[in-house]
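Have a look at this one.
Going in written order, the chains are labelled A, B and C, and every chain counts its residues from 1.
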């Protein structure tokens, strides 16, 4: 017996007996312009957000060598590309994860607890490196949500995040500062 | 009717409206915002159509809210979370305190949430000896200054770097700096420690998705993500109006919120929380609690005329468009929700008479309605609230008498002409001094010509 | 076509020249105009303050008085908006009089198809968009088209043309400090154009702006669109 619940639902139901005007109906025209070249669009968006694309294995080596303490999601792909972690998520200076999808429309990377080793690994480290594959690229958010539903509808992970660039704030005089709380740097490497 | 709240508002508005430095800061920020938003809108094939889509989604949800609330609750429970229904602010506060006591919570980290402001949660936590820390940079600065947040999206819009550096020096012992980056890093370092040692994370929610039982959280900094990832308990407090039907609706609403709020394509982090840590997951809180808050929303829901005010996605666009807001700022309103949306919804709260002046503190320019991404008929609702105030006799006897007299005169051309003639004479002889004082204190009032239009027409048309 | 003149109460009493100018221009364009003398006020002050019963009674009066007109034309965006957009809400439905009431510049451009009325006004002028004209009647281009065809007139756009001047009816005396600040911002925007005149469809806005200009003795004048169009 939940009195508050009953009260609220009863009030909601009673409230809705009065009609409300419908707003102007939308048309069936697409809300967003079509994306003709997802790869190019993703790259442009991601770089504009100050995301860093690591172009090849040699650059990756150099990049990773710049970090002493590395935490990873322990996945097969990450182990193959980066190797074993040598730090935990709280002490590391680099966190390496996989991802679910890349979204060209907004230059976003979608992660979940299952694709990125939990919740903290993709937000706590000062630098976040994502290992992705080209087949994970989708055009727009609508496609991404549809694919996420297909992948997870039977059993959703407890948390997902759509990451669009490194952490940032403009709270101070509207001056853009990177790395407010989440990673200051966000890097992406295509394993294929 | 003159209430103490009105007098306070008049005092604050007078001070702020004359404060040219304050005005310059706000207007500069709004200028930057306007450029960013104009840019952000170009990402949509048709901005007006996008608004219509969003309005339709919210209309569908709000007008079938009971169904969606039940569906949402069912899904949260299935995924291992808890749902608490709070009829009032006090109920919500009490439940949070109960959860805190049950889990031996001493420290809370909070991400930005107007809903937690609305229920005055921090005061209740502090009173119970629980240290509650705002982690959004702007909110953190407000907290250590002891101020309420200034604006729905940019809490310290009114402060300069120097103001903030001063605060950090006084309260944190940090060295003075002129660099926004250094200031942000000072806060980052301090708060990182708090995230890692907090017992409970409290967030709001931008949307609640009925068909998956998830809360959606929009942010740029990452503090919400840290608040729901590191502490062992996560509590999300949301108004019942935050519901949306489907996950797929976010493909429109996330970009729309970002475009209107800051002009971005998307904010840095848009997260979905569906429950506590699962066995197969590496980390996460042991418990996930959603508090569904009514606190007067069902009253607004019952008003079929203004129900669409519940469509609000808290983007802040109406504040930025409002010329009143840009001149008096946020604090002067004295309410949790400021600007046009605040003036629409606040009169629906229990102490309506106290806030009945807010809908009148507007020139009804309509800029707010023009920019609202979910097509709330904001400025017309201000008119509706004014009508409601008169119907409830919140006007004083003097005003009522004046309008009755004016109306009596306007109903007959003869009475009108006589009244107009008397008024004309009074104005030309400078007899209406006192009545005109609010105007003439700082502006000239025109001297009426001897001959009115109707006199002229009668004279010339008779000849013709 | 019989066109009735709807001269708002404050124009009748304070700015009759605006009404006279409008009638002059219409007659110059061979429009058959007449002035129903029984008209008083559209009721907007009552409506905006929340006295809807009183406003409704005045709306009924208006509809009766202008029932026979083919079109009703007014030199006021705000009064036109009151009749066209808000009378239907007050009365429950639109009527002939409410649907056929037009603001002056709207009538000229959209109904007579005229943008050049043969006017001459060799001055540097900036245009202030009245909120009602802009957002309720969606008039932005029409007044500017008319101004661009005035001989010798140099039209410069101000930075904040669309920002409210701060009048808002009783708002200007209920919250004068806010109204004044908005006035100040508007005048600053006007000054930056270097214009000698500021024009608008709405004399209420011009009264607000003029009040500030005159108190501070600034070398800028206000003038209604009707008066500019009547100039030769």
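Methods note: a residue touches a chain if its C-beta (ideal position, glycine included) is under 8 Å from a C-beta of that chain, and two chains touch if they have at least 3 such contacts.
The shown structure was predicted, so the numbers you read here are calculated from the model rather than taken from an experiment.
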Task: Core chain by centroid distance, with centroids computed from Cα atoms only - done: B
- [ ] Identify the chain pair with more contacting C-beta pairs: B-C or A-B.
- [x] A-B
- [ ] Report back the single chain whose CA centre is most distant from the CA centre of subunit A.
- [x] C
Open item on the list: Measuring centre to centre with CA averages, how many angstrom lie between subunit A and subunit C?
Closed with: 52
Open item on the list: Could you work out how far the Cα centre of subunit B sits from that of subunit C, in whole Å?
Closed with: 33
Task: Intercentroid distance (Cα basis), subunit B paired with subunit A, Å - done: 28
Task: Touching residues on subunit B, where the partner in the complex is subunit A - done: 29, 32-33, 43-46, 49-50, 52-53, 55-56, 59, 62-66, 69-70, 79-80, 84-87, 91, 135-138, 141, 154-156, 159-161, 164, 180-181, 183-185, 187-188, 191-192, 195-196, 212, 214, 220-223, 225-226, 228-230, 240, 247-248, 250-252, 254-255, 262, 264-278, 280-284, 288, 292, 294, 298-299, 301-305, 307-308, 375
Open item on the list: Show me the residue ranges of subunit C that touch subunit B in the complex, using the header's touch definition.
Closed with: 7, 9, 11-17, 19-20, 23, 35, 37-41, 43, 45-52, 54, 57-58, 61, 131, 135-136, 162-164, 166-183, 185, 207-208, 210-212, 214-215
Task: List of subunit A residues in touch with subunit B within their complex - done: 2, 4-5, 7-9, 11-16, 18-27, 29-33, 45, 73, 89-90, 105-108, 113-114, 117-121, 123-124, 140-142, 144-146, 148-149, 156-175, 177, 179-183
Open item on the list: Give the list of subunit B residues in touch with subunit C in this complex.
Closed with: 10, 13-14, 17-18, 23, 27, 323-324, 327-328, 360-367, 369-370, 383, 386-391, 395, 399, 403-404, 406-407, 409-413, 416, 420, 423-424, 438-439, 441-446, 448-449, 451-454, 456-458, 461
